[in-house]
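Take a look at these structures.
Common to both upcoming complexes is chain A, partnered first by chain B, then by chain C.
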Partner chain A sequence: MADLHYLSLSKGQRFLHRLSRSIRQLPGRLAQGVKSLALAVARIFVGIGRDLADLATTFLQGDWKTKTSYFIMGFGSIARGQVLRGLLFFLFQVVFLLYMLFFGGAYLAKWGTLGDVETTRVGRRTVYGDNSFLILLYGVLTLFFVLAFLYTWRANVKQNKIAEQILKSGKKLKSGKQDVAALADNQFHKTLLALPTMGIFLFTVVPIVFMILVAFTNYDYTHQPPGKLFTWVGLDNFRTMLSAGSANYGSTFSQVLLWTLIWAFFATFLNYFLGMLVAIMINKKGIRLKKMWRTILVMTIAIPQFVSLLYVSKMFAADGIINSYLMQWGWISKPLPFWQDPIWARVTIIVINIWIGIPYMMLIATGILMNIPADLYESARIDGANAVQMYGKITLPYMLFVTGPYLLTSFIGNINNFNVIFLLSGGGPMSMELGGNAGYTDLLITWLYKMTVNNTDYKMAAVIGIIVFVVTAVINVVVYNAIPSVKNEEDFQ
Partner chain B sequence: MKKLFALVLSLALMLSLFGMAASAEGFSGDVKIWVADNMVELTRAKAEEFKAAHPEYANMNVLIEAVGEGDSATNMITDVEGGADIFGFAQDQLARLVAAGALVELSPENAEIVKAENDGGSVAAVTLGDVLYAYPMTSDNGYFLNYDKSVITDPSTLEGVLDQAHAAGKKVYFQINNGWYQTAFFFGTGATVTYDVDNAGNLVKANINYASPEGVAALKGMINLAKHPAFVNGSDAPSASNYAAIVVGTWNRETIAAEFGENYAATKLPTFTVDGVTYQLSGFGGFKMLGVKPQVDDAKLAAVDALALYLAGEEVQQARYEQSGWGPSNLKVQQSEAVKADFVLSALAEQLNFALGQGQYPNDYWSTAQGLGDDVIAGKFNDYTDEQLMEELVKFQDILISLANPQ
Partner chain C sequence: MANKQQIPEVETYIDHEAGIIREVKQPKLHSKKGRERRANRAIYITLTIISIIWLAPFVFLVLQSFRSYLTEDGGMVNYLIPKAFSLDNYRYLFEDGQYLKWYSNTLIIALFCSVLQTGMVLSVSYALSRMRFKGRRLFMNIILILGMFPGFLTMIALYFLLKQFGLTQEGAIPGLILIYVASSGMGYYISKGFFDTIPKSLDESARIDGATRFYVFRRIIMPLSKPIVIYTIMMGFMAPWGDYVFASYVAFGKSDSYNVAVGLYRWVNTMDFQGYFTRFCAGGVLVAIPITILFFMLQRYYVEGVTGGAVKG
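So, the complex of A and B:
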């Protein structure tokens, strides 16, 4: 498409064009990603090779202090007068060895099988065997510890090499006092970031790695520690999730994924446009009691969502207030199947979500609408534009430009919108067509919840968790590259 | 930081190792018990009586927490080590708990006592293979027809009950999207589903004949019920409204009594007619039981065994009946005058004649059955021919068969 042709399109068409281009480019990008990944891996190997060579030459060319440091960490530093550094290195080595000897080593040794000693009964007393859960968890921790040790050991060797060079050039080494002072000066970033990094590592990285690993085990209620062992099963769980057949979840999964995307689409864009519409209506000159209308709408935010959602869910139940009144007035003879029929349930959920979502969007839109320069509208009016044209040419492009990232995050948020689905329908109605306890309104995230809490099926839940990540990551990358706020008109080439 | 973490972890491990060593005579540590909310006070009082009667356990610290029979099994399976030492649960969870290693089998002495003192159905319900895994606590987990006798004068047929309720502008509650209530139809026509269980709690084989003329008749009975304007799917009396009849068990009797007042009546489930043949509604007969968690300490195991036996015994069953009307499994309590004169328990006993003792079912049975029920309520099968209904039942049956794992 030529530049001129592109520029002749309307804003909406331009966005669609960019979106389709971005999707069309996806295979190419993926290939490029794979290529650069391969390159990165190759670079890592080259780096490791170079590092090993450097280790060897440092050992061969180094003095005896350096050579001893290969086995006793920090020896060289202490021998050259950097006592504090040397002691810290040495202490780390001692703690690492003790940890491996008395704690981590045993867990790491069993990591390959996740334990092989079964729980037994001596008389009626229970003697617990290996605990696969702890082996997996502490194994992960120990692996990280080993990596940290290797890194520190490498740093220790490097220290010796640098110290030798500095001494050779006739300069003096830093004293312990200077090292400590540096932590408050040019090394201050390390002091500041030590605690947060540690926290993120322990409370975010380790659990994520652990959960990812669970997807490759058979951890479920028949393999529940401490009574039972679980072990590695490779990619079996992914096969069960994605392949068709009555024993597998393939058809259920595609059904749930499709509904998740449909739901996220409607929940995001219906709320977006209706919320904007309401904001425009309230903003219009001549509308009285603006504050009252806004207050009424914002009231829905003031009530905790789970209270209002549970209440609304009961209202629409077969024996709920809505069906009861409709029947009492004789409008219907049977309860409307709000939660019993798949299509009814899906539409009901989307409509109820509009009621919840409009106030938020209205608040956001109100602020942005007030920011649009009034002279734009004025000159448009002088040129003879009608309300629809002004909306299409001024309001919408402006809104899309400002709220592009918000739209994206709310789309991703809706893919993981647990509350609305779980509290309204609980994922139901269920059907024989669907496996794994899933229902017709289940999102991936509520399905994951049911797997974990109702079925104690951690392995499949972990698989869904990984898939949710992949889905949201792909959508993020594709859409982010297409929204006007990121790819501005001027950047287009 | 990592070092500190490792140190704390190893310290905790060592402490827990030391904690296991305890005295051989008596027991004085903590014992955690999970019972239903309305049984907390009663259980606490009875546990104190137990301690008073057994001086060797006088210093035992009994902690009682309210965890309903519905949640306790899932909570136990999620975290066996953090779970209760004694916990109440409904029998459908037994195999699942055993498979997850959350139950210890009864000692031979206690097993003899339990077999001698409780009715046969409840003993069968706590048995897997030939091993007893829990103490029967009630023999009342069944459902029957609760109705308003001022509206429903003839509760003998389902069609009649529905029409009488509809004529008065009232509703009939029957939760057919639930694997537990649904069996009323299937077992009623002669279709059955059971699973063979081995000693370790594994479901090794499915015995099912749902894909049969009987199964089709049952499904048609459900479809006819779902089509009726007076039908509402549900079994929770507190959240039901404007009803003249509700199929539920004894646990909702107080709510229903408050709703119907003088006119509260209960009887066996009605009959239903499909293609000119009349069937008696059947269903599950069920039980509640107390389980004991595997223990690493013999002294504690002995204490917990004795306490569980007492809490599931005659005296406490009598107290449970008197407080909340829980139907006893203990033969002596069943023979007491008060229990015999209770019209709700009589209705239950009458219905249990038509019901099958509930065995073990895989977790996915319940969701699959809910799927079938939801499909019926959604009207998916309304215009189906018998052949099409048979196809659906074949599908249903195949799923249930696939849930058993031959070892």
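So, the complex of A and C:
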């Protein structure tokens, strides 16, 4: 498409054009991604090669202190007077060796099978065998520990090399006191990030790696440790999830995925436009009590969702007050199936979500609307534009431009919007046509929850989790390239 | 002609509002202002309807919390206004003991989270905003990718991890605090965005004068960051009140370790047939009131946080 043609399009058409271009470019980009990944891997190997060479030369050219440090970490540092550094290295090595010897090594050794000694009953006594769960979990931990050890060992060697160079040039090494002082100054980021990184590593990275691995095992209620073992099954679970047939989840999965996307679309864009509309109404010149209107709307943000949504879900129940009053007034003869009929339930959820979602958008839009230069409207008014024209030509493009990233995060957030679905419908109505305990309003994320808590089908929960990740990542990549980035601000005039 | 037809219509409307004299003197502006007024009237009507819809469920909730479960009906009934106002539900909440336990559990979790999470989030965001070091981009990318995994995926692994240390069931409170706080550094985006807006020259001039990074952080950046500190504390305090998933999973089967969300969810969904509905309403009201008051007191900071975060993405 020629530049001139592109410029003649309206904002909306430009967005669609960029979106379609972004989708068309996806294969190319994927290929590029694979290529850069391969390059990265190659670079890693080259780096390792260079590292090994460096290790060898350091060993050969280094003095005896350096050479000893290859086997006793921190020896060189202590011998050269950097006692604190040396002791830390040494301590790490001792802890690592003890850990591997008495704890981690055994778990890592059984990683290939996830345990082969069954739990048996001898007479009335239970003799516990291997625990596949712990083998997998501690295996992951140990693997990370080994990597950390390799990294630290390399750092320890590098320390020696640098120290030798510094001493050769006649300068002094840093004392332990200086090292500690640096932690509040040049190395302050280490102090700041140490605890958060540990937390994220232990409570996010390890569990996620663990669960990714679970997706490739047969861990479920029939293989529950410590009573039973589970083991690797390759891609079987993904096949069960994605292929059709009565024993598989294929049709249920496509149903749930489709609804997840439909839900995310409506939840995002309905709230976006309605919230903007409400913000425009409240901010209009001449409307009084602005603060009061805003406060009333924000009530749904302030009150915890489990109170408001649970109550509203009961309001719409078959014996809830809405049906009761409609029947008392004689408008209907039998209760409306808000939560019993798939279509009713889906529409009800989307409508109630407006109640929860508009206030956020109203707050955001209010801030942005105030930033739109007033002279834009002034000149438009002089040119004779009416309110609708001004909205279409000024307000909307400006909003879309500024809130592009917000729309993206909001869409992703809605894909993972557990609370609204879980508290309102609990995923129901259920159906025999859907497998895996799924209901017609289940999102992938609530299905994951049910798989974990109700079905204790951990392997499938893990598969769903990986799929949610893939969906999120793909949407992020595709859309992020389509929205005007914040950088080229001159795009909007 | 058209103008003349509009005038009477406009005049009757203006009678309700102030400023009639000036309007009548300028018939040309009149029609335009009249249109404006009609538009405003439509907006007022719309906003009133919206407000009613927005507030109705909360009014209903409060109304039903006053229906006695002893003398009237504690379940779901087909009328809103109780036949006799009573405080039986609230009395039950205070005398039963269980609800107070849930409430104090949640309060303890919320207090710890608000302090500890703030420490975590501010550390991460300050380091990423102000300092340039090896692995910074890698760190941010890893967090971005980790964020794309659904949070509940890790539930089972976390449960068993906590169980190893006895932090489930009886020990669910410290266990939950640990879960909420440990990974909270991943939510650094909004406060990093805030730190980014504070000019770097402030740091640099202080550093030239010999101040350490730590000093700059404590004495220069923190005093300027009151809004974002309050926002972070507020979020840390409010989030635990609404968490059902982790709280119910970690405290599984041990009702003394529930938080209010889990306890009340059980009242309304599994013990519904025993007429716990009005007691749920009362319990909900008691949770909502302090949180709402707190929210409106700090609303300014919340709005700053939300809008700042949205625009920067």
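Following the convention adopted for this analysis, the second predicted complex is superposed on the first by the 375 of 493 C-alpha atoms of A that agree within 3 Å, B and C clash if a C-alpha of one lies under 4 Å from a C-alpha of the other, contacts with A are read in each partner's own complex, and residues count from 1 in each chain.
Heads up, the rule we're going with is that a residue touches a chain if its C-beta (ideal position, glycine included) is under 8 Å from a C-beta of that chain, and two chains touch if they have at least 3 such contacts.
All figures in this text were calculated on a predicted structure; none of them were measured in a lab.
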{"item": "Touched partner set for A:185, first chain B, second chain C, both or neither", "value": "second"}
{"item": "Touching partner for A:60 - first (chain B), second (chain C), both, neither", "value": "neither"}
{"item": "Chain B versus chain C as contact partner of A:453, first or second or both or neither", "value": "both"}
{"item": "Which of chain B and chain C A:433 touches, first, second, both or neither", "value": "first"}
{"item": "Of chain C and chain B, partner touching more chain A residues", "value": "C"}
{"item": "Contacts of A:315 with chain B and chain C, given as first, second, both or neither", "value": "second"}
{"item": "Partner chain(s) touched by A:382 [first = chain B, second = chain C, both, neither]", "value": "neither"}
{"item": "Touched partner set for A:374, first chain B, second chain C, both or neither", "value": "neither"}
{"item": "Touching partner for A:473 - first (chain B), second (chain C), both, neither", "value": "second"}
{"item": "Contacts of A:124 with chain B and chain C, given as first, second, both or neither", "value": "first"}
{"item": "Common ground on chain A, meaning residues reached by chain C in one complex and by chain B in the other", "value": "202, 314, 319, 324, 453"}
{"item": "In the complex with chain B, residue positions of chain A that touch it", "value": "95, 99, 102-104, 119, 123-128, 138, 141, 144-145, 148, 198, 202, 221-222, 224-228, 246-247, 314, 318-319, 324, 333-335, 337, 340-342, 428-437, 439, 453-456"}
{"item": "In the complex with chain C, residue positions of chain A that touch it", "value": "133, 137, 181, 184-186, 188-189, 191-193, 195-197, 199-200, 202-208, 210-211, 214, 278, 281-282, 284, 286-287, 293, 295-308, 310-312, 314-315, 317, 319-321, 324-325, 327-328, 355, 360, 363-364, 366-368, 387, 402-406, 408-409, 412, 416, 418-419, 422-423, 444-445, 448-449, 452-453, 458, 461-462, 465, 468-469, 472-473, 476, 486"}
{"item": "Touching residues (chain side chain C, partner chain A) in the complex", "value": "36, 39-40, 43-44, 46-47, 50-51, 53-55, 57-58, 60-61, 76-80, 120, 123-124, 126-127, 131, 133, 139, 143, 145-146, 148-158, 160-161, 178-179, 181-186, 212-215, 217, 238, 241-242, 244-245, 249, 261, 264-265, 268-269, 277, 280-281, 284, 287-288, 291-292, 295-296, 299, 302-303, 306-307, 310-313"}
{"item": "Partner chain A, residues of chain B touching it in the complex", "value": "1-3, 5-6, 9-10, 13, 74, 77-78, 80-81, 96, 99-102, 104-105, 107, 171, 173, 177, 202, 229, 232-234, 239-242, 294-298, 301, 363-364, 367-368, 370-372, 374-375, 377-379, 392, 395-396, 398-399, 402"}
